[in-house]
Each structure stands twice: as C-alpha cells, then as structure tokens.
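These notes open a run of structures that come right after.
In what comes next, chain A is part of two complexes: it sits with chain B in the first one and with chain C in the second one.
== the complex of A and B ==
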C-alpha cells in the first residue's frame, strides 16, 4: 500500500486539515481479498471523519464494485484500487484486466446497491482490456436513511 | 472474519445460524447449505442474521435463491434481523417486501406456529 500526499491544495476548504491524499491498493483479483479491501476502505474513510453510516456505505459500495469487476477479471491478475481523499469526499477507482470489452450489468442487485450507497458511480470501459468503476462519496450527503 | 454456519431443526422449522461476513467469497458456502437443507426435505427455513457483520448483494442473491427453492415445495424462508446496516441493504433492493423479517427467533417461531 502506498500513501502519497499530493501538493495540490488549491480548492480545499478550511477545516479537516486540507487533506488531499492518494492511496493505491493492489491485490490479487480474487474474492478472498475483498475483505482486506473493505477494511482499507473503512480505515481511509475514517481518516476523513466520515460518519459510521457513511463508512459502512463506502465499505459496501467498494465491495459491490469489486465483486462486479471480479466476474470479468482475468484469473491471476491484480485488482487495483485507487482512493483519492479530499477534505470533503472520497473518490474510489477500482480496476481489473479483462479479455475484451464488457459493461457491468446495470439491472441487478449489485448495481442497485452500489448506486444507492455512493453519490456518483460511473463504469469506465474505454480500454479494450481494462474495466473500471469509479465511485464518489461525499461527507454529510446521506441519501438514504 | 470468516463465515460460520450452523443449523438445527425444531418442530419442522430449520433454524440456520449465520455468523460473520457474507460476501462474494463466502456466499457460496451459505448457498450450498441452503441447497443441501432443501434437498434433505427441510422446506421451512429461518435464517438468523443477528451475528452477520457484513452482507452484500451476493448474499442477497443466495437468500433469494433459497427462497425460490423452498417456495417450489410450498415452504418458507424467513429472516431474523434487527441490525439497521443489514436491513438497509434489504430496503435498497426492495427485499423487505419479499422476506418475512423478524426481530428474534422466538418471534419468528411464534409466527411460524400460527401459520401451520
């Protein structure tokens, strides 16, 4: 795990220590490692003072995004998770290697849960052999009680 | 934390105790248990989720699959769950309307007894 503090601090509001961190986690693209990524997600969200509910939402959202990707991942490759933390929100990009281009299914429980728990979700399939999901979660933006 | 599964039958109701995390890695074990129970003639299942720490859509899929199997035998699959963070997942997917969800095993047993 690498933790690099970038120097861009332009649009960061006061308070919350002006955090702008980028954290990358690379794991085998295997379901056994998802619990590790959930734990990392929760730890990073806690750094941004997300509430317990928001942390749980993020943990589930990242899990759902990865579970969707793992079904398309080439066995033996890695899953890359990149977290960008600012004072107000966390942006998570999870990505796997695929054979051929494919879109995640948008009509199943996984997509339903993912889009309900994250503020913004986008599936990125612009590369012929990569598939990624990018999700954002802002602090204090509870969408579902 | 891994997934721990246990089950016992009381008065035609099979209570499945689930403890730990239900995700894409562990859910197949729950699926296998539910299939095995139905294959052995247990058509009234109560899944106690009070000790479940994590549930994602894979787990939901397994529970829905179990429900379809027992319904094919005029059976039932109901849940015990009071944890808000778990109930939230059922609510998002509209499954609170599909599953009977009880606050305790005792409450579910009473309801099951009345339905017999």
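== the complex of A and C ==
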C-alpha cells in the first residue's frame, strides 16, 4: 500500500493508472444523509473518469446498499462508507452496527437493483453485530440493456 | 430533519378527468414518505387519468420505484390510467433493467401525455 501510494505521487502526469486511494466517510446512520453519500460517490467516481452512466449506476447502487443497511442499523450509530479507488474500478464497502443481525435480505427489490447496477456485490458477515455490503464497479464494463 | 435534498410534490388538476402530479428533486428512502402521502390523498375515479410529471426528478431508487408501482396498481384497481412523463434517460435506465418499461406508459412530456389520455 505504501509503495503504491508513493508510485501514485510520482506518476500523476501519467494519468489514472497509478491511482490507489482510500476514502472513508462516516455519517449518522439516518436516511437524511443518503443524498450526501450519493454526492460523495459521484464525486469520487468522476475522479476515476467513470462515464456519466457509470456514475449514475454507482450513485444508485451505493444508495440501495445503504438504504438496505439503514433498516437494520442501531439508532444513533454511524454508517461507515469506505471507497477504494484504483485506476480501473471502485470498491465501496458500507457498514452499520446492528443488534445480532448480519445478513441483508437478498430477495429484496433493493438487492435486485443493487446487483443489476454493480459489477459485483457481496454481503460481508465477519461480525454478528455488524452488517456490511461490498460492491465493485469497473470502468468501461458493459452496461446492461 | 429538514435539510434534505428536497422532494417537491405538486398536484395540478388539468381537467375534471385528468390530474397532473409533478414530482421534483431526489426520490429516495428518506423523501419517499412525502410522495406516498400525496398519492394516498389523490382520488382516482374510473375513467380518470393521472400523469406523473417526472421531468424535474433528479434521483430515483428502488423505494421510489416501489411507490410508482403501487400507484400503478392503485390506478388499475380504480379503473384509471397512469402515465409517466418526462423521465430522464439516466433514471429510465433502472426502470428498463427492472422490466418496468413494460408496465408503465412513458411519454416524453406532460404535454404529450395529456392528449394521449383524453
């Protein structure tokens, strides 16, 4: 990671290929903040030269993932969004604190939309009191329909 | 919390039979209750029509889509027509993925939807 960061600093004129940045956003786990996170997502995707269509897909995907988590989040806690930006793709992990539930519902309409818009989606269950969704979106991948 | 990205819902009766509901702003998990309330207040009569003017809709997620599907269902039950007008292409993309282009009647604008419903 350290090496890559150093490479990036040296390679900026060569474009985006060397980028490997991590951005964390911590927000109250409340639906009022969804729009803030969508704006952050769009800004970061634009930095990777995603197309407008890809940015829109990502904005909706992150929103869906968070909306799914918010239904299970302990009131008064935070939602943590971690973005990993490489030259070709963005990986977003969103996570909330729950009470003893770690699996989001995969038969949900939101999950359907989410999996249709992101290239790869997974629910991460490494702790019984945390619920996390990780999604990936690659630049220039074929768009459905 | 009042500092959300506002969703504005405005009802504009066009004639005794046709009503236009303009939905502007971000329609998400947070703002959806506002549209749900507006839809619940609407009276849909047999032979009537509702045009949802979505030309100023800037965002729509699955919560919003579910509401539109519920509105479609309600209109059908009441014997009324429902048309979606002015939906931006980037938002329409999700509708297409979900197969909703087969459920709804889409029009380029409210002005084009109204004559079609007369």
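Everything below uses one rule, namely that the second predicted complex is superposed on the first by the 127 of 145 C-alpha atoms of A that agree within 3 Å, B and C clash if a C-alpha of one lies under 4 Å from a C-alpha of the other, contacts with A are read in each partner's own complex, and residues count from 1 in each chain.
Note that a residue touches a chain if its C-beta (ideal position, glycine included) is under 8 Å from a C-beta of that chain, and two chains touch if they have at least 3 such contacts.
Here the structure is a predicted model, which is why all the values come from computation and not from measurement.
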**Item:** Partners on chain A (chain B, chain C) - clash or fit
**Value:** clash
**Request:** May I ask you to decide whether A:109 touches chain B, chain C, both, or neither, giving the answer as first, second, both or neither?
**Result:** both
**Request:** Mind sorting out which residues of chain A both chain B and chain C touch, each in its own complex?
**Result:** 31-32, 34-35, 38, 53, 56, 59-60, 63-64, 67, 70, 109-110, 112-113, 116-117, 144
**Complete:** In the complex, chain C touches chain A at residues 1, 3-5, 26, 28-30, 59, 61-63, 65-66, 90-91, 93-94, 96-98
**Request:** Quick one: which bits of chain A touch chain C in the complex? Just the residue numbers, please.
**Result:** 30-32, 34-35, 38, 52-53, 56-57, 59-60, 63-64, 67, 70, 109-110, 112-113, 116-117, 143-145
**Request:** Could you please specify the touching residues of chain B with respect to chain A in the complex?
**Result:** 1, 21, 23-25, 54, 56-58, 60-61, 85, 88-89, 91-93
**Complete:** Note: in the complex, chain A contacts chain B through residues 31-32, 34-35, 38, 53, 56, 59-60, 63-64, 67, 70, 108-110, 112-113, 116-117, 144
